[in-house]
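Structures follow.
Shared chain: chain A. Partners: chain B in the first complex, chain C in the second.
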Partner chain A sequence: MEFRSRVEQDTVDVQLSGRLEFTDHDRLRDIIDLLEGPGLRRIVLDLSVLDFIDSAGLGMLLILQEEAEQRNIKLVVRGPQGDVKRSIDLAKINEIVTIEP
Partner chain B sequence: MAISLSDSRVLIVDDNEFNRKSLALVIRRAGITQIAFAENGVEGLKAVDSFRPDLVLLDVDMPVMNGLEMCEALRRNATHEQLPVLFQTAFDSDQEQVRCFEAGGSDFISKPIKPGECVARVRHQLEKRKLFNDLAAYRARVERELSHARAMQHSLLPEKRRLQAVAERYGLTLDAHFETSSELGGDFWGVYPLDNRRVGFLIIDFAGHGITAAINTFRLHTLIDRFPMQDAAPSQWLMQLNGALKDVLPTGQFATAFFGILDLTTDTLTYAAAGSPNPVLGVGGDIRLLDSAGLVLGASRHARYTDQTHRLPRGGFLFLYSDALIECGGADGQRPLGQDAVPDFVRAALEDNRAHPLDPMMERFYARTRLPLRDDLTAVWIARRA
Partner chain C sequence: MDVTMDTIPSPLRPFCVVRDRIPADMTARVTARFDVHGFDPVPSDGAAPWADALLVERADRDCLREAFHRNPFLMVELGEGGDEPAALMEDWSGAPAVEPGFYLSLTTGTAYGLQCAVLVCDELTRRGALPADHRANVEMCLHEAIANAIVHGNLGISSAAKNQPDGYRVFGQLLRDRLGDPAIKRRRIDIFCRWNAATIALAVVDQGSGFDSAPNGGGPTGAAVAKDGKARSGRGFVFMRALASRVAVTDGGRCTVLHFDL
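Take a look at the complex of A and B:
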């Protein structure tokens, strides 16, 4: 998985690409570090160009949700497509994380 | 890193007595006390076997068998492949040094011996060897323990004989396949006779794989017995399991699950699911994917599940599997099977072997998939005899 981030006012926008899976646990730390930005209120995870997510990747979304919540930051997952959307729907991650089309 | 060399063993092979003595003197001063001697390559090879040195200091020009030949002989023997060999050579030429390395030498020291350089190179080789041996021993220990744990994990799953007994009791065909990815896995499945007319089937996949996921399957195994299945609807039972898993699992760890109860008197399958891959139900000629969406287990205390009921009369079947079946791709970049292709995958296998389609399914899966598997694979075929 690769990611690009951009900060605009109180929102950090993170675009993930490639495959989010078991082997990406170390990269997750880098995304959590983004939550430390001063005055941050919102993090948007843009999954529109992510190709694949496995169960460990879904777990990372849940970890990010908790990390964001602890810092009073709102997490929004945006634009999952194809297989990624299917996996998120199947596991009903939307009951825990806000998913936007 | 400076380690003590007092337990290191060094073999000096040199036809010149003065050289042997002065080399021994130099390395003794560095703390090496276990030293053996040989006067040519043939004696040297014998001494390697009897003395079992950690390092050989080897002269090049010797009668009977020279140092290059001795070193080549050592390298042909798998036991001594990693044994450090330090050549001592009088010729400082590039060509001579290349010959030493080509013969399998680890390094060389030039003659006349400079004590400081000699000790530094000997120490470097011995430290490297010690680190290598420590790592090899550590690895061997981990592999041994993983293989024990793997056997333990397999013992959590229904044995073949028990499957046969359950199949007989309820008039079923039960075939199962289980393979873990990296020695240990997060997959689990079980079959639970509830009474004379009802039997339960459970398949669970913990996120990720390896040791953490495997420990979770052991946790699960103790939790399952805590909640009786007899009097609970599948959705209620999953809710209880979810609550217990939420208590023990850290955030980010969870499990997908399918729990179904087959009732022989009503010819129905009633199930609840928590995000497992869509099971396949076959009734008459109709083969289709079942809805298995549901919040994964252990993610939220508030998770609710719903029961769904389908007809599953004699001759019908239910096929359960973990996501490895649809997510593992092939060598040469072949795409994974994918969820939508599963009904056709089952249909084709039934044409090959109507009674036991799991065999052709696994053959086809392994023919198209790169090994070792990237995730754990479980596949369970449950059919009611016609």
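Take a look at the complex of A and C:
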């Protein structure tokens, strides 16, 4: 998985690409570090160009949600497509995390 | 020695496994592991007395694709620093030869990060076994079975590591530590594939300690998710049960068998 981030006012937008899977735990730590930015109120995970997510990747979304909550930051997952959307739906992640089309 | 080898100066070394020289206990153990319903048992008297095989010193994606194109039944990565004579007597040599089918044995160090499920599904497609409309389900389930075999099986990391405060840091450190241990990196991940017109059966085997596959047995069976929808792990079996036609766990939790009706 690769990601790139952009901060605009109180929001950090993180676009993930490639495959988010069980070998990506070190990248998760890098994304969590982004939550330390000053004055941050919102993080948007843009999954529109992510090709694949496995159960470990979904677990990472939940970890990010918890880490964001602890810092009073709102996490939004945006634009999952294809197999990624199917996995999110199958695991009912939308009951825990805010998903935007 | 029950295995004969050619010495060809190539990264891919063809040899053959001579079936009637494999110890009976090894054959019985491995055959029991791959007990796949819906397929006729391989008759011991009707099977070929040998199986084409390829030995690879150290595998990568290109090397494995090249090897697959030679259509061996067995493809085995010896692994860096491995003991070749010992490796030749590992369980994979007792894998029941089936037609059509193939068997891939990799070290954990290689399987980690190789995206084995993609590689295997590409090969199933190349051999005409995997219809395009089944690809996503098969690849996802196989990926989850392999991830479980690597992380919880051979690396011996419990799901519980993630479900604690700061668990992702602990989990990441455990991954790095275990993957840095040469003995652990050499543990095998075996993937066994067979199919007929109606069904694809895939088995993923590890060399870990196994687990109790009962719903409350403490293994990665999805019970944590059923109990707590916010659990950070345990969805792999949820996916497999939802997307595969049947899922069975054998060999004390070391073998996951997936069936897909076509």
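FYI, the second predicted complex is superposed on the first by the 101 of 101 C-alpha atoms of A that agree within 3 Å, B and C clash if a C-alpha of one lies under 4 Å from a C-alpha of the other, contacts with A are read in each partner's own complex, and residues count from 1 in each chain.
Keep in mind that, in the parts below, contacts are C-beta pairs under 8 Å (C-beta built on N, C-alpha and C of every residue); 3 or more make two chains touch, one makes a residue touch a chain.
Not measured: the values here are computed from a predicted model.
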Chain B versus chain C as contact partner of A:D13, first or second or both or neither:
neither
Should A:D51 be classified as contacting the first partner (chain B), the second (chain C), both, or neither?
neither
Count the residues of chain A touched by chain B and by chain C, then name the partner with the higher count.
C
Once the shared chain is lined up, is A:R29 touching chain B (first), chain C (second), both, or neither of them?
second
Quick check for you: in the superposed arrangement, does A:A91 touch first (chain B), second (chain C), both or neither?
both
Quick check on the output: what are the common chain A residues between the chain B footprint and the chain C footprint?
22, 54-56, 58-60, 62-63, 83, 86, 90-92, 95-96
Show me the residue ranges of chain C that touch chain A in the complex, using the header's touch definition.
112-113, 115, 136, 140, 143-144, 147, 150-151, 162, 167-169, 171-172, 175, 229-236, 238-239, 242-243
Within their complex, state which residues of chain B touch chain A.
205-209, 251-254, 256, 274-275, 277-278, 292-296, 299-300, 302-303, 323, 327, 338-339, 375
Chain C partner contacts - residues on chain A that touch it in the complex:
19, 21-23, 25-26, 28-29, 32, 54-56, 58-60, 62-63, 83, 86-87, 90-92, 95-96
The chain A residues in contact with chain B across the complex are 22, 54-56, 58-60, 62-63, 66, 83, 86, 89-93, 95-96
